[in-house]
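Below, subunit A partners subunit B and then partners subunit C, in two separate complexes.
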Partner chain A sequence: MPPRHSYILFDPEKCTGCGTCEMVCSQRNTAKIAPSSASIQVIRDEDLGKNFAILCQHCRRPLCLEACPTRAIEKGDDGIVRINKLFCVECGLCTMACPEAAPLRDQKTRGINKCDLCDGDPLCVKHCPEKALTFTRGKAFRWIKGLRWSVQLVSFLLLVMILVGTFCYFTAGAVTLACPAGVLQNVASSKTIVLVGVSAALALLILTALAGRLFCGWVCPFGFILDLVGTIIPKKIGWPSFLKSRMTKYGVLVGAVGASSVLGYQAFCTICPIGSLCRSYGVQGVFRGAELAIVPAIASLEVAERRSWCRYFCPVGAVLGIMANARLINIVIGAKQCKKFSCTQCAEVCPVGVIDKDLLREGVSPIIPMTECIMCMRCIDRCPYGAAKINVRWRKGVPGIPEETRL
Partner chain B sequence: MKAQEKRISDVKRFAGVYRCVECGKCVAVCPMSDMYVNFSIAMSPRGIIKKAIVGENVVGDENIWYCTECNAGTDVCPQGVSCRDLIHGLREIAMDDMIPANMKQCIVCHKPFVAVPVEHFVFARLSAEAPNVIRVLELCPSCRRERYMERNA
Partner chain C sequence: MRFREKNYTGKMGVIDLSDLSVQVAPLEESLISEHIGGAAVNRILLDRYDGNDSIVLGTGPLTGSFAPASCLLVATFRSPLSGKISNVPLTIRNGSEMKFAGFDFLVMNNTASQPMILSVHEGTMVFHPAGPLLNLTIAEMSSIMRREIRDIRSWIIAGPAADKRAVSASVSVSRGGSFDKTGLASVMASKNIKGVLFNGIDGLSYGDNDLTRSEAMMKGLSTSLHGKGPGFSRILQHLGADSSIMELLPIKKMRQRACYHCPFPCMCHVEVTNETLFDGKDSNGIRTLLLTDHLGFMTLADTFNADVFPIMAACNEWGLDPVAVSQIIPRGGSLDEVLSMIKGLFSGPELKVKEVDGHTCGTVSCSIPRQEADRFGGGIPPLTVIGDFDSPENWKRRVALSMILGICPIFLLMFPDITDVDLLSFIDPEKESRSSLQIRLQAAIDDVCRA
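For the complex of A and B:
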């Protein structure tokens, strides 16, 4: 089990720039009160009346550790990045490599000080009079996460276990629902358009246009299997770059429709992992053999990248992605609200990898393509500063700002 | 020219190079031996101190630009010679007198903040591990903090 990511959160709205954190920190470092030898630094802008604290984020992959020529910096089992003073030669290369410039050079003694979280009980957090600093161990359970897993479990049970042969096509009274990719193939193979089938496919398409690819992240039974496998398989090895084209899935869709028009039956549906999952459990028997072999085969692609099937190959996702271009709801990661350059936890947890780390480090809000985003809301759940949000297109005007000043 | 020689002799005296006994303890702990493949006696602190003692032109020497200005050699010296102060002083003279200086400048404040060979070393280490984050090396640490402040405030 990897160590918990523990770090200190800083709120610039509450900070008054009093410097108490610097004083208590320097007292722990050198047994005397000298703010220059502290491991936290408050920079103050007197004209604007704004303050900001420079402090170590204890990165998951620390760059200071890479740059250190004597290998004096190490990340412990508890997730805390420490400088081993026995080997440190105070060259200052860690200060250069750190995106936050957080290892601080003492201007008097020329030493290097870096936060070690006081071994798990930070003094600066304890003594901050305005509670601008808070210590977090990285919450293990958040409510969107729990909600998503339970919705996925319930829909998996509904689609696979209880309602036989569902998602692909099922009827319950007047309500008819169908897989849009399956309906496309059906139309191509039979050369006739059945209105009931088209209207059944429209239900899912309209949902996607309204709320993004919610189906992929929250409902899809195969996505649920992939998420489960992803929590078990630890390491990602990465794809070769020539395979990493997100256009591949549109090619798969066109190929599937073309093949079914030639062959006369729904070509892709016979090997579709979602479909074979849905058909595997029913009155004919439980987990029928050869067809279901595609599920572990594709689930093993998770070793390369999370949700690699959904990213590059899934034709159902391709149909939904075209509809999601309406962008009535989109995910926004506001660089103004993001408080740390080097955090990028949203990019780390994103299962389809659409968040641009480099833009975030530059301080620019990345544009998230809604054709790729599966609306799992992991980024919203994970962001400690509330910078990742859902933006609704039809909301008129931002409160407090007149309509004319907006673009 | 006279003023420059005066400054160089001041730097030498301040660093205490004339007390050096050439024991080589500073070379043993110097991180440059791990950092550069072409580490040699001319680049080592002992070699540069020796050059300074015999009065060669150390300011124009390219070997003074490899040092990281760390504290290791000064810590272990039995005679109290500070190779860091020597290198630091020599670099300042070189930058003031327009002798071709090998320092990387910050793209915002245009102040030199790190020697180019040291920057190459950090670049190589980081590009092996994290190829997308080496842009931070273009800014000096203080400018990075200022930009950080601008962005977040």
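For the complex of A and C:
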């Protein structure tokens, strides 16, 4: 089990710039009161009236660690990133690599000082008179995560194991649902519009028009399998850049519809991983050899990137992505409320990689393309500052900071 | 560990501005053991260099230490307004930074041949020509200095008003003015010292239990905070500000600011959107104004009502005492008229106003006689409603205590529960020897109050 992510949260709204954190930190580093030798530094912007704290975020994948030529930086089992002074040659590459510039150069000794969280009991947090610093070991329980996994499991059981029919088209009592990509192919292959089929597809399209690609993040049974596989294979090898086009899935959709029109049957549905999963693995499964192989074959793409299929190839996602243009809600990440630009935890947990880390590091709110976002809400769950939120589409600005209080 | 070793860096600098020479001397043990430090030692040094028109900058034994609000630097000089010795408290981080820069006391004698800036760093001093900074606003000077000199952690700067030798000029210890209402800025300007910059990177020793003691003291304070809301407005309430003044403060838009290691943020930033006020640099038309001068704000608010913020900003940028401005500029004009009148003060070679002779406290009701207030720079709020500082004598002794030990006077006035014994325990934790220190401290307070 990976170590809990321990770090210090800084609230600039509360910080008065008194520098007590620097004092107590320096006395631990040097046995003297010398704020310039502290591992935390408060930058006081007198023009904007704002304070910023430079302090280590003990990143999950520390760039300083990778940059260190002497391997003097290590991440302990407790999740704390430390500098081993015996090996440190004071080259300063760690400072340059860190987006927060958190390994601080001691102006007196020219050595590098870096926060080690006082081995789990940070003095700066303890002594901050305004409680602007908070020590956290991350959220112990993320309720959205628990809810999402539960919904995904129930959806999987219903769609694959219990309900008669498949995701492609099934009836449960008075409710009839159909895959919108399947319906498009059906219309193309049969050259006729079956109103029952179209209306069955509408349910999913309306849900998407209201709440974005919620289906992909919460309901899709194949997405559930991908999330499970992604959890088992945490390290990703990545795709070559020429394959990383999100437009590919729209091409797949057009190709599927075109092929269906030419061949006279729903061409893509025969190899659709969602359909294959429902048809071949459920209690009423057909267990045909070729279909059995589709699910593991496509799931193995998780080795390259999380939700690779959803990002680049899924034609169902493409239809829903088009509908998501009409969504009523957005996910927004307010950079002004995001108090540590180097945190980027939201970007790290995003399974479809739509949050721009670089923009966050520049202090700019990234615009999340809702046609790509699968509304899994991992970013909301993970953000320690409450900067990631669901916003109604027509509301301008970032969440959390009313216009009149922004400085 | 000896008294000097623990609480002082052990060095003082004597600067002869006439030839820009610096003499670094060890701090005399007898001087600080007898007079403790701060304003009391400053006065001795001022007497020693009498006739040189000196300015003495001094820290107290607690400056830079774990004692709360240990930010204070005291500037002692002969005030051109009263002709008497004045001790101006210079807050924010100046005291601690001067100690971290390697000096406990600085004596500036004589006059430089051209405007200079003194930069203090790692026990050394460097002079920079300040000619290009003359008549620039504090913001303009700030950006130039940060570009040219770079490593600046705190400063004392005389603004353009001082360049015109206005006695009503006030030094800036940040972008928010200071408590100087007795002419320190004009004395600095007359000696061709435009500013003193500190970049402290050395360390200061501390006692074994100082951090624990500080923590306990801070916790005790949190239960005895007076009133609610930002510290700046709480002080205004104690000064008797009426509702019309309090309503001017945009409480929700205020960002609180505190000096070095101070648990009571008595300053604040407020948003200012008046673009006509600031030349050049801004942030989408919005900038903030740092309010540090409680008396100045109250007096301006009483005089100019809702226009107080841009006028206060003008005073800060031009290094003027707001109380003096409220007495110079007549009421009733529009904001543009008032600002142009203030700006007009700098249009000619000499300041076009006669110096004011009003009460230091401006329109604030105050029981502290002017000469007593002027002894401590004239800008310390007459907080006489808390504790037993209702008599001028008690107020004076409390402020003198802070000026000797190097603790912010506002902090000590706001928290009467903190006794001199509490503070002396940071210097000498032993009860027996502390009593003799206490006696010497009382004598030093007497000296400062008599001077």
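The rule we apply is simple: the second predicted complex is superposed on the first by the 348 of 407 C-alpha atoms of A that agree within 3 Å, B and C clash if a C-alpha of one lies under 4 Å from a C-alpha of the other, contacts with A are read in each partner's own complex, and residues count from 1 in each chain.
Keep this in mind: contacts are C-beta pairs under 8 Å (C-beta built on N, C-alpha and C of every residue); 3 or more make two chains touch, one makes a residue touch a chain.
Worth saying up front: this structure is predicted, and the values here are computed from it rather than measured.
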For this session: In the overlay, answer first, second, both or neither for which of subunit B and subunit C A:Gly255 touches.
Result: neither
Problem set entry | Which superposed partner A:Pro35 touches (first subunit B, second subunit C, both, neither) | second
For this session: For A:Gly238, decide between first (touching subunit B), second (touching subunit C), both and neither.
Result: neither
For this session: Using the superposition on chain A described above, determine whether A:Gly386 touches subunit B (first), subunit C (second), both, or neither.
Result: neither
Exercise. Counting only touches as set out at the top, which of subunit B and subunit C does A:Ile43 meet: first, second, both, neither?
Worked result: first
Exercise. What is the contact status of A:Arg361 with respect to subunit B (first) and subunit C (second): first, second, both, or neither?
Worked result: first
Seminar exercise, completed: Shared subunit A footprint, subunit B vs subunit C, residue numbers 48, 50
For this session: Provide the residue numbers of subunit A that touch subunit B in the complex, in ascending order.
Result: 12, 41, 43, 45, 48, 50, 52, 54, 61, 63, 66-67, 69-70, 89-93, 95-101, 110-111, 335-336, 339, 341, 357-358, 361-363
Exercise. Which of the residues in subunit B come into contact with subunit A in the complex?
Worked result: 29, 31-32, 34-35, 68-72, 75, 113-114, 118-119, 121-122, 125-126, 128-130, 132-133, 135-137, 141-142, 144-149, 151-153
Exercise. Where on subunit C is subunit A touching in the complex?
Worked result: 64-66, 93, 96, 100, 139, 142, 151, 153, 174-175, 200-206, 211, 214-215, 218, 222, 252-253, 255-263, 265, 269-271, 281, 283, 286-288, 290
Exercise. Subunit C touches which residues of subunit A in the complex?
Worked result: 13, 16-20, 23-24, 26-27, 30, 32-37, 46-50, 107-108, 126-127, 129-130, 404-405, 407
